[in-house]
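Read from first to last, the chains carry the letters A, B, C, D and E; within each, the first residue is number 1.
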Amino acid sequence: MRKCSLDSINKIFGKIAETNKLYLPVDGSDGVAVYTKWEEGKEWSNALNTVRSPKDFFFPQVENLMEFKTSGKNIELTDIREEAEDFVIFGVRACDVRSFDILDRVFLTDPVDSFYASRREHGVIVSVACSKPSETCFCQTFDNIDATNPLGDVTAWKTEDSVYFKANTEKGEAFMKKIESLTEECDDTAVAAEKDKIAAIMKKLPLKDLSADAFGGGKTDTFFNVPEWDELSATCLGCGTCTFVCPTCQCYDIKDFNTGNGVIRYRCWDSCMYSEFTKMAHGNNRLSQKERFRQRFMHKLVYYPENNEGIFGCVGCGRCLAKCPISMNIVKVMKKIGGKVNE
Amino acid sequence: MQRVGVFVCWCGSNIAGTVDVAAVAEALKNEPGVVFSTDYQYMCSQAGQDIIKNAIAEHNLTGIVVCSCSPRMHEATFRKTAAAAGLNPYMVEIANIREQCSWVHKDMTTGTEKAIILGKAAVAKVNLNTPLTPGESPVTKRALVIGGGIAGIQTALDIADAGFPVDIVETKPTIGGKMAQLDKTFPTLDCAACILTPKMVDVAQNEKIRIFSYSEVEEVGGFVGNFDVKIKKKARYVKEDICTGCGACVDKCPMKKNPNEFNLGMDNRPAIYIPFAQAVPKVATIDPNACNMLKNGKCGLCARVCAAGAIDYTQKDEIIEEKYGAIVVATGFNPISMEKFDEFAYNQSKDVITSLEFERLTNAAGPTAGHLERPSDGKSPKTIVFVQCVGSRCDACSEKGKEYCSKICCMYTAKHAMLTRDKYPDTDVYVFYIDVRTPGKNFDEFYRRAVEEFGVKYIKGMVGKVTPEGDKLKVQASDLLSNKQLHIDADLVVLAAAIEPDKSARPLATMLTASMDTNDFFTEAHPKLRPVESPTAGVFLSGACQGPKDIPETVSQAGAAASKVIGLLAKDKLTGNPCVAHSNELMCNGCSSCERVCPYGAITYEDKEFRMPNRTTKIRRVASVNPAVCQGCGACTVACPSGAMDLKGFANSQIIAEVDAICK
Amino acid sequence: MNKNFIQEEILRSSGVNPKKCMKCGKCSATCPAYDEMEYHPHQFVSMVENGDIEPLMNSKSLYRCLSCFACIDRCPRSVQPAKLVEAVRLAVVRQQGKNHLTANDIPELIDDETPQQLLVSAFRKYTK
Amino acid sequence: MQVKEYKPLIVAFCCNWCSYAGADLAGNNRLNYPADVKIIRVPCSCRVNPMFILRAFQRGADGVIICGCHPGDCHYTSGNYYTRRRMAALFSMLDFLGIEKERTRVEWVSAAEGAKFAATMNEFAQTVASLGENKRLEDLRCKK
Amino acid sequence: MQKITRDQLVEKAVALLSDGTVSAVLGWSRGEFDYDITPAVFKSAEEVKENFVWNDFCGANFSKYLVAQTGKVEGKILVFLKPCDTYSFNQLLTEHRFDREKVYAVGIPCEGMADIAKVREIVGDGIVSIEDDGESLKVSTLYADAPVLVGAKDVMAERCVNCKSKKHVAFDELMGEDGEVIESARFDEVARLEAMTPDERFLFWQNELSRCIRCNACRDACPACTCEKCVFDNPDSAVENKAPANSFEEKMFHIIRAFHVAGRCTDCGECSRVCPQNIPLHLLNRKFIKDINEFYGEYQAGAEVGSRAPLVDYTTEDLEPGEVFERGDQDA
């Protein structure tokens, strides 16, 4: 374990930025933290989290896949893939770190999404423990997310005056090497204290008792037709806010854009809340907002764990709790249809 | 996917001179959907049309693009060609590579590049065209003629002759118009009244014709075949059906000193009057601004002397509503005001007059009973100067005059000069001219007779100024051929004033939604091929409202307009423009935005039941467009927020395709 | 100096388009100095149009035009003959290389035949 | 290397009855205007949807002009009055977003105003050229 | 902050449900915290008694829900309308978007709603409870030892600070006292932007709109955006997309959306309230409202049912699009 003083953290950023693009949460003009490319003068935000999750760096909202041109009956394809450069995402919270595991299971299983895979290969994730979790946090509901000791290539702890680093992977070791001269070796006393402090707060969180035990693979029939869906979805506006701020939502649509000089085939995020989602030749397969609403939560709580060894498709980051225009969210859904709160 | 054929026209050298037509045809070959592309000298010719027809059959074309002149010129032609070959006529698009390309660009490269882009845009559009079928609407078999001059009279007579009822609306108390004020007519010199008044009587006696004299068109609604017109019949305070036109009231009326409009104010008429002896209808009219009874409630003399009891001081304006299948505009002309021509002293001397005033001065029924007398002192003029082109042929930015040639002045001036010399051989008659324009049957011969037989002095040059001095008019003029400045002491100066459309034409055009040129002459649907039709369907043009004309031309145009009207009224049904708006009910919100902007009231709403998910239904209010009433402006398409309203033939997708093609 | 060049200069500096002329002669009909002039206003227009400028420049009557602008006012085609006359005068002055004038130069230039108007306009033009 | 002369691309929406005819008249009278002006015929200026205008900018247009009958002369009596309101609002909004107001214009050109059409296009093309390429409403994907 | 109490509203709703006047209630439902309130359709008195909530976070405008709910519910539906909601209510009626006969509208006074983001700015994260004591909010957090008092006015939402009207323009029944139309300073921010140079404005909007993630929350919450099929969802419309592919599409979306609601937008402010990226979208709508007021005379959408929206109206004397800027230049 190594540490540096909080005051000198910008030196570390400078060092990393020499060789890699470095992204970290920076307060925007409206005071809200946004993952921003670090450059001299940008300060690491004290905010707990960003509105948009770090998923964007591996699975951007819009991504061009290829270009093609037709002339007469000929078609000419161009691979426009840009080889991803090495980059570092700094300050990722435990919940968001877990989201990469969830995304990996989708994008890195056969057939591998080579665009995503390439970015994962080139990206180093530096996580940071949550010293001040919010009332909307409920990562404890899901197994193996530890806000006191997040995963990632490197784990960091930020205390009053210092930042502590610990490498978890080979990429992490390389990262540590790079900042070696700016950090000093230390023991884990301070980190242990910080962990205890966080653990104490976690026990006070209002959603600490939320349990996902009622959900999981094989529960489709249990929940699919419960009458509560009507009530829960009654005032859903059908916007895509929850899906677009969600670190684990991974649906996209592939579209063609005719530039006049050829066609760009690109993909962009899609939302199961949208009426046009997965529209097929026969029309839409989920016609009502209730069905679309149900799909999203069933996917997170039942379908995904069913296909992925019981791992839930939610990480408890709380973004949807904060951002849904009508304050409807997965917690309300779990409580309503999941029966009892964990005692 | 369409199978598109592209046909590039050379238009002789009009297009081929600045556009490499072969290159255009070649370039368009590679556009999506294009399966055939060629070029030819004259696509609009029979041979050119045959190329199109053959290609449609041979290549099984589903759409064609003709790169040629403006669609305003030959779109209809090529639509017919397509139809003849079995293709829906609305599967034709025109790329305007003449008016908007070869004629405005001088350089071959530029012209060719642009022509290709315009062609691509047309191909992009036609790829999205769908076959359209025009709707049908019934035809009201009655025509309206606005204006009762010789143009209106002839049109009405010809239409009535074919058996269709016609109404004439005339603002004056009598029909007859300008021609009734004329003395003789060129080049035959027959008396205007002798040839006009029998026609007026014919109109009066024709059972198919109704005359609304002293009336104006108030409002026009509807569309071709189905116009709804409101006509205001102004109160004349005389019961038209009872008045016998005996004239007793006119004789007895004490309010005698009112300028007589018919004689251009050169003498007076009573407050109750009949404009002239042969007026039709021959009915008295009370001038409410002059009648003491109407103004102050004192007098009532005319009512007392009227044996028939036709006087009715309580008469009110009356609104008549009638339906018409066709409307003919025959609003005629007026001489322009001479007020601004200070140099000719029109305002300073009574002896400077216009040609129309001269006409009344020489007319046997005029203020001087046909004796040529000076308006100022009644003396016979010994030297008369005629000035041509007063206010005609002016610069476009002139505030005084008009840019166009008034066409009739050369001939009537020759007539006036000749008649003066004929009746008063001791009078010196000078005519100052810029050019003498006599293109007409027997016109030049007429002019030469004035010079050679009657000794009228034609001087090439212009009058620069007229100065009244004593009882003379000092005329300073140039004689260009002898390179001299002339100074003539004249007794009378006659100005050949330019003519302009009647002032009522502009508001009428607005009511009719018929277009006008900057001079307020009505525009034709095509200057050569459709000269008597306005671009607004069902509105036809007769006489000088369309441009300056003499009587023979007016009469022939009147007949032509009548034949177009007859052709329209003979149909039982009209096929409409299929490029109308239509609403996609699935997307319509029923919000009424479209209804509010529709100028024709073509959009109505109905509650419809829609299938919803899970076997439920929902009743929603949705818009529907009446295709017979819709004129296809597209205002609704933009007012509609959901994009449910679209326009056939000019669909959102089609216009966007054109934008994309152009901006490539 | 080249003939075409002078013609172009005259057209440019006057802003007159002689092609607009319809040869009605109203300018000459209205001209108060007509009889004093060797070439009359309508001839000015047509001669400039034809590039026949030397006779105009050499004509003594060039300065007989009073610049009263009656021809400009009356011309139905807005040709503005008086502006052409002025432009030809300018061409003459230019050719003589006399493009500047001070108030002191004026008295000796005055003779009885020079119109006042000319002096004023010349002064305005050459003292900028 | 020779620098390609910058020529603005201008899309002109012309109503069928007045302005398109005015453009034809400009052609009849052989009045020049830049070839970069491309005309799209619409039945009435009120057919022009703001989406078409944005689309043109997206696709690489540097200026968009809408021509219709003079107010009061609309073939459909009132279409151009709606155009006038819509475009006044839209242009003001574009300006509010900082997009050069000179790139958009509404001009009334009658069927008799061939000269005005040509003069307007010349002037507009010049104005747009002086602004340079449309950067603020461009879609880089379409600029290749 | 609110003058009317939850109990009064619950009493009203229960009474109307019980006497059969209405068969459903559109109201605010209790959330996990004191601020995350969800609009809900209550079908029984029990549900109302248990979950109905009324506090300073009941900002949601229910008018739009009537479009869907009037078609779903048998009998009448009770809707509680704050003054600003009544304008949207009228505008939707003008556009025939729901059946007035199926609605029982109760107007309720509103003293302005709080903005949780503003609360957070003051007290920080970890809010566990918020109590309203009339003048201020008592906020307890995970990290402060004692509850923090924040002034109600200090955390009032922007749209409420610039409230345009406390007057109800539509209702079947009014609870509490009606207010008046207010001369607000709501156009000041628009005017401030107008006074900037075009370059500054461009940068301002570039910065704001670049954050857009096209979640469509603004559109989906907007009571004027009730289209059966939005052009941005319609693959045939040529503007459809599910994400803003670049800065052009960001601008296009917001220009077209604002244009589509121009003259119809009542300035309720829902768009900005729901934007997860804090883009001040209401400024675009207000720009149109301000322009329309200046060009064509004062017009308040929804002030009365059946009024003709300015963009589907005209006079022959309207100013020319070019004159819009001459006017602006004079101002500057």
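FYI, contacts are C-beta pairs under 8 Å (C-beta built on N, C-alpha and C of every residue); 3 or more make two chains touch, one makes a residue touch a chain.
Everything numeric here is computed off the predicted structure, so don't read it as measured data.
Excluding subunit B, the assembly's touch network divides into A, D, E | C. Nearest to the common centre of all protein CA atoms is the CA centroid of chain D.
Across B-D and A-D, it is B-D that has more C-beta pairs touching. When chain centres are defined as mean Cα coordinates, C lies farthest from subunit E.
Once the centre of each chain is set as its mean CA position, subunit C and subunit E turn out to be 74 Å apart. The mean-CA centres of subunit A and subunit D are about 46 angstrom from one another, to the nearest whole unit. Put simply, the C-alpha centre of subunit A and that of subunit B have 73 angstrom between them. Centre-to-centre spacing of subunit B and subunit E amounts to 55 Å, using the average Cα coordinate of each chain. Residue positions 50-51, 55, 59-60, 72, 78, 82, 86, 141-142 of subunit D are each in touch with at least two other chains. Of all residues in subunit A, those touching 2 or more other chains are 257, 260-261, listed in ascending order. Along subunit B, residues 597, 639, 652, 656, 660, 663-664 each make contact with two or more other chains. Pairwise, the chains that touch each other are A-B, A-D, A-E, B-C, B-D, B-E, D-E. Listed in rising order, the residues of subunit A touching subunit D in the complex are 257, 259-262, 264.
Those residues of subunit E lying in contact with subunit D across their complex are 190, 193-194, 198-206, 231, 237-239, 245-246, 248-249, 251-252, 255-256, 258-259, 262, 284, 287-288, 291-292, 295-296, 310-316, 318-325, 328. Subunit B meets subunit C in the complex at residues 343, 389, 391, 393-395, 397-398, 400-401, 434-435, 460-465, 476-480, 483, 485.
By the touch criterion given at the top, residues 30, 32, 613-614, 660-661, 663-664 of subunit B touch subunit A in their complex.
On the subunit B side of its complex with subunit D, the touching residues are 70-73, 96, 98-101, 103-106, 110-111, 113-114, 117-118, 121, 510, 513, 515-518, 523, 535-536, 579, 597, 599-600, 631-635, 637-639, 647, 650, 652, 655-656, 658-660, 662-664.
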